[in-house]
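For reference, the structures are reproduced in the following blocks.
After this come two complexes, each holding chain A, first together with chain B and then together with chain C.
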Partner chain A sequence: MTFKSSCIWILALCLTCLSCASTQVQDIQPGEKPALESDEAGLWMVMDDIEANLKTSGRVEHDPELNDYVKKILCKLQPNYCDDIRFVIVQTPHFNASMAPNGFMQIWTGLMLRAQNEAQLAYVLGHEIGHYQRRHSLIQWRTIRDTSSALIFLQLVAAGAGVGYAGSIAQMVAMAGIFAYSRDMEREADDIGFEIIADAGYDFHEAANIWEALIEERDAADQPDQFILFASHPTTGERVNAMRKMADQLESQGRAGHPYQREYLDATRPFRAKWLKNELRKRDFAASQVVLKHLLSTGDNPGELHFYQGELYRMRAKQGDHEKAIASYQQALRCEQYPPAALRSLGLLFWKTGKVEAAKDSFKNYLNLHPDAPDYEMIKSYIEEIQ
Partner chain B sequence: MMTASTRAHVFSIFARRIHAAFKLTALFFFLFCIGCATTNYKATPAAPNLPENARVIVMPLDVQLFELTAGGLQEPRADWTAAAETHVQTALESFLAQRKDTVVRYEPLQDNPEKARMNQQLMKLHEAVGNSIMIHTYFPGFNLPTKKDQFDWTLGGGIQRINERYGAHCALFIFIRDSYASAGRKAAMVLGALAGVSISGGFQTGFASLVDLQTGNILWFGRLFRQAGDLRTPEPAYEAVSQLLVGIPL
Partner chain C sequence: MLKNRGTLFLLAGVFLMSACAHYTLVEPVKKDIGGSYSVEPQIAWNRSVQGKIEIWTIDGPTLEAVHFFNGISDGQNLFPFHGNSDRKAKLPKFNKNMTANEAQEFVVDSMMAPYGRSLVGPNMIGTGVQAYNLRPFKFGSHPGFRFELSYLSEEGLEYDGFVVGTIKADQLFLVCYAGAREYYYPKYKETAENIIASIHMP
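On to the complex of A and B.
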């Protein structure tokens, strides 16, 4: 046999291996730790390191009450894994959460801003718990490792056989395999999340609702490409239908649950202003408008929400937006409580549109209401400038 | 969540992390190949001013070992890392025992979250500063114009707080990342050689800093940067530590 024909034989063998690589993995048990010599222990080691570093990051929301609240939900969902799962709330204005193989979870504030009740957040947490229980990260790591290892031989052998293009075809096949695998795992985690919240007494219709709100936001968005999670996740319409069907089935069996909206609003209210401010800084106003609309529909702390609605218009500054912003700020001022900054923004817009007396009044009211304002001197100088 | 593209996301974390550690290796390796001979350690003029019997805190080691898979991924190995931590610690203590200085091991206060947090921040800071030194002082093309030939890097005065319980003069930080070719990688290297393609093996890279506990200034900085060495067994680990600590003013 010549070198070239041997290479072609090996090539055929490699292609066969590539298509049959699969790993049987058992669910992780409560309190279980991987054996030191395993590949899983290596992943844990790296993630433990990342966890220690991230926990001291300035981007983490450290508030003890908020963290206790989320911890309580986690433990209610899966009491047996309560000690195995840790988390940080990371200040990032996008919808996301992730689970590492060692049980370390990241929850982004963009998700917490978008969840409309405790059941929706619980569903996402349940989804992540599902990834942990099923050891999805480990399976994925092994798939990537084994595929990339098979590929390098394939490419070398293909080069030896003089059929270099075989390598790139194999690479495409392999990548498609990895993504399909990932979508299957997402479906599995979705199902687990659904079951967990239903068993914990949450309103299981909220699983479909949070997805639906996200689709609404994506369809409205100025930059839909930024919704990175849609790449590796099952076609979302399909997931909404699956979740709806499962919910209808449970309902027909007489099951029901509670959304726990009041609890959720109470826990997140103190942080909402900060999260909304970060949300608007993305400058994807069409997407943020959908988020604001859902928040306004709760009727919770409307003064603050109308203020941020005004901020959205003021920052977007398209034709007619100044007038809309002024109307939103004025609506905020009619509420029982509102951020003093509404008066400052109102003053700025009045000034810009030539209503100097109204601007002066707004600035004065701002200073009266907020004598400790860090920009007190600046606003005072505006008033003097107007006079 | 679902998002998360958890998979993709977690893997991007892995990838980023493992990448961050090894991007440097790759860069160094490239520069190594194009050839740049420098001494392995740097020191400030203040370094020899340490007292005769200086008291040295050895900070917790930051060591991680990886297996290079056939496909070129760095697979983290917890068992090798645990062995390496023991061997490097032992080697370090016996290396320093030959000197006149007093060596104390830093014990992070786990019961004090604020102190534990600060300790973690210092380790992160040392990693960041050390990586910058690796890039900007060893390779002529990456020299910083503002530094010229000066070696004046610092972790800042905040480091004084770790000294409260020790009354030491300086602290020694050590950071090492080491990788070894798996059997599959070795096979790929052989096959690659036959096919005329060069495939790289494992790489040992790391750095150590001796830090003044008054000012936070790095008095001396040593590095490892080679396709050799093995931290998984005691003797080669001692050899690696001796290489790393060449020229340390203790």
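On to the complex of A and C.
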């Protein structure tokens, strides 16, 4: 079933259930499936189809080690729901995660790039688990269905169905928008996520830290309205303060936790260059600058991060950015490890600014360090041209 | 009821036809491309033109196609985009001083731009685009570059492709052949190689 036909199913469900009466909703139990004749079963069926579609998308990150790592975190957070919750890691450079009513979770790589430790990712996953446990999407569905907001719901579905080649991000955002929760639900999911990570032994201070970093990024962004998460998760300073207060209370009771930063960095390091490159492709350089600043604060593989800082300046290309890019590449080269591409980028900028000997040296060093370079012949031709 | 259904089918047909690109036949004889250069197709292709992009296909543009990008000027995007101007501002732009490496980056970033793109070049919208083997290439008699591509469509279909290009008079000229890795890309690869070998650019 395609996304469009799924949307038609949602429309049909919405229209046929307009007369149904809302009932009290209990927390979903481990292994529980809705009764076949229920409206919830219909909702699950639609989401099952969307899940099947998304799993074959070109955007899904299939790496088994990374998927195993995330699965372990989910099972550590809620062992009883370990078999009920499925997920895909979606290669999209925005910060987001979402949970469908059938237990299918999307985790976007933009979130994984921004999380600085396992506790931060665990908190966001715990928050989404909270929505699932409390059946928030079913409650939201019934509220919309039983009120005049049904029209808004229909418009959202139609928007999702009509995007065509405009890109699957728009489709995913439309689906996330359909299940945008009320502030009370968000607060409840915050509380559940917080309790879950604290019980699982994570450093609960990290819950506020990841929101705070995201707010800082949004405030710096060229286009704050492009922050997809804020469309469905109204994050405010008030929520951050509430989480800080909860963390202080737990700490005063002698509770403590671990951020598991080393574990997180080890698991995500092989993917970070790819995620950073995709981050820069958004061309919201002010926001990406904040992301890089936070990543640099971890002290992990600084050579790579200085290289991408240089790439940011090179791509932005404002007045003075070439000089800043050169300084960043040179800083990368002073690190113990750095991407060989730093030498190539440095050579290209030297060449453009007329420093031909320095360019030639950088190109030669690049080829020596990277004999399998995917642009070996081209760089060799640059050296010949300079000579 | 049947009459209503017939009307619906008719409306649907009209809608679908309006969404299709208009194709004309390219005969296997020397063919002028945008008044800038010529190629010799050797076999017949179906051709559609959308702005500065000419698309040739045999089995359909999502299966295999040759894209001719004719004279992308300084500051222009690779693919036309008619949406939100804020989003358009975030799309990669060609710069006349680009090196071959930067032109390759411009193509790859345009294919992977995280915001929406137009219907043009549906088989050139990809995820996880890998460009490799960037090397010098004679675009007719002009110095240029060539690189190979592999990527996935949004739906997860695997594609292969290659791009040749040159910058002449501050404009970027590109020819890209891409197709579904299974069957379609290899089916016309040799023909596409002959097309780029036949480029005559005065």
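By our rule, the second predicted complex is superposed on the first by the 325 of 387 C-alpha atoms of A that agree within 3 Å, B and C clash if a C-alpha of one lies under 4 Å from a C-alpha of the other, contacts with A are read in each partner's own complex, and residues count from 1 in each chain.
Definition applied: contacts are C-beta pairs under 8 Å (C-beta built on N, C-alpha and C of every residue); 3 or more make two chains touch, one makes a residue touch a chain.
All values derive from a computational prediction rather than experimental measurement.
Of the two partner chains placed by superposition, A:368 touches none, neither chain B nor chain C. In the superposition on chain A, A:185 contacts chain B only, with no contact to chain C. Shared-chain residue A:249: touches no atom of chain B or chain C. When chain B and chain C are set side by side, the one touching more residues of chain A is B.
Applying the stated contact rule after C-alpha superposition, one finds that A:56 touches each of chain B and chain C. By the document's definition of touching, neither partner reaches A:80: not chain B, not chain C. Contact with neither chain B nor chain C is seen for A:241 once the two complexes are overlaid on the shared chain.
On chain A, the patch touched by chain B and the patch touched by chain C overlap at residues 56.
Those residues of chain A lying in contact with chain B across their complex are 34, 36-39, 41-47, 49-50, 52-53, 55-56, 95-101, 111, 124, 127-128, 131, 136-137, 140-141, 144-145, 147-153, 156-157, 159-160, 182, 185-186, 189-190, 193, 228-229, 231-233. Against chain C, in their complex, chain A makes its touches with residues 56-60, 91-94, 163-170, 223, 226, 278, 281-284, 317, 344, 348, 351-352, 374-375, 377-378, 381-382.
Note for the complex: chain C touches chain A at residues 83, 86, 90-92, 95, 97, 99-102, 104, 109, 112-119, 122, 125-128, 131-136, 145, 147, 151-157.
By the touch criterion stated above, chain B contacts chain A in their complex at residues 1-11, 13-14, 17-18, 64, 66, 69-73, 75-79, 81-82, 117, 120-121, 124, 184, 187-188, 191-192, 194-195, 197, 199.
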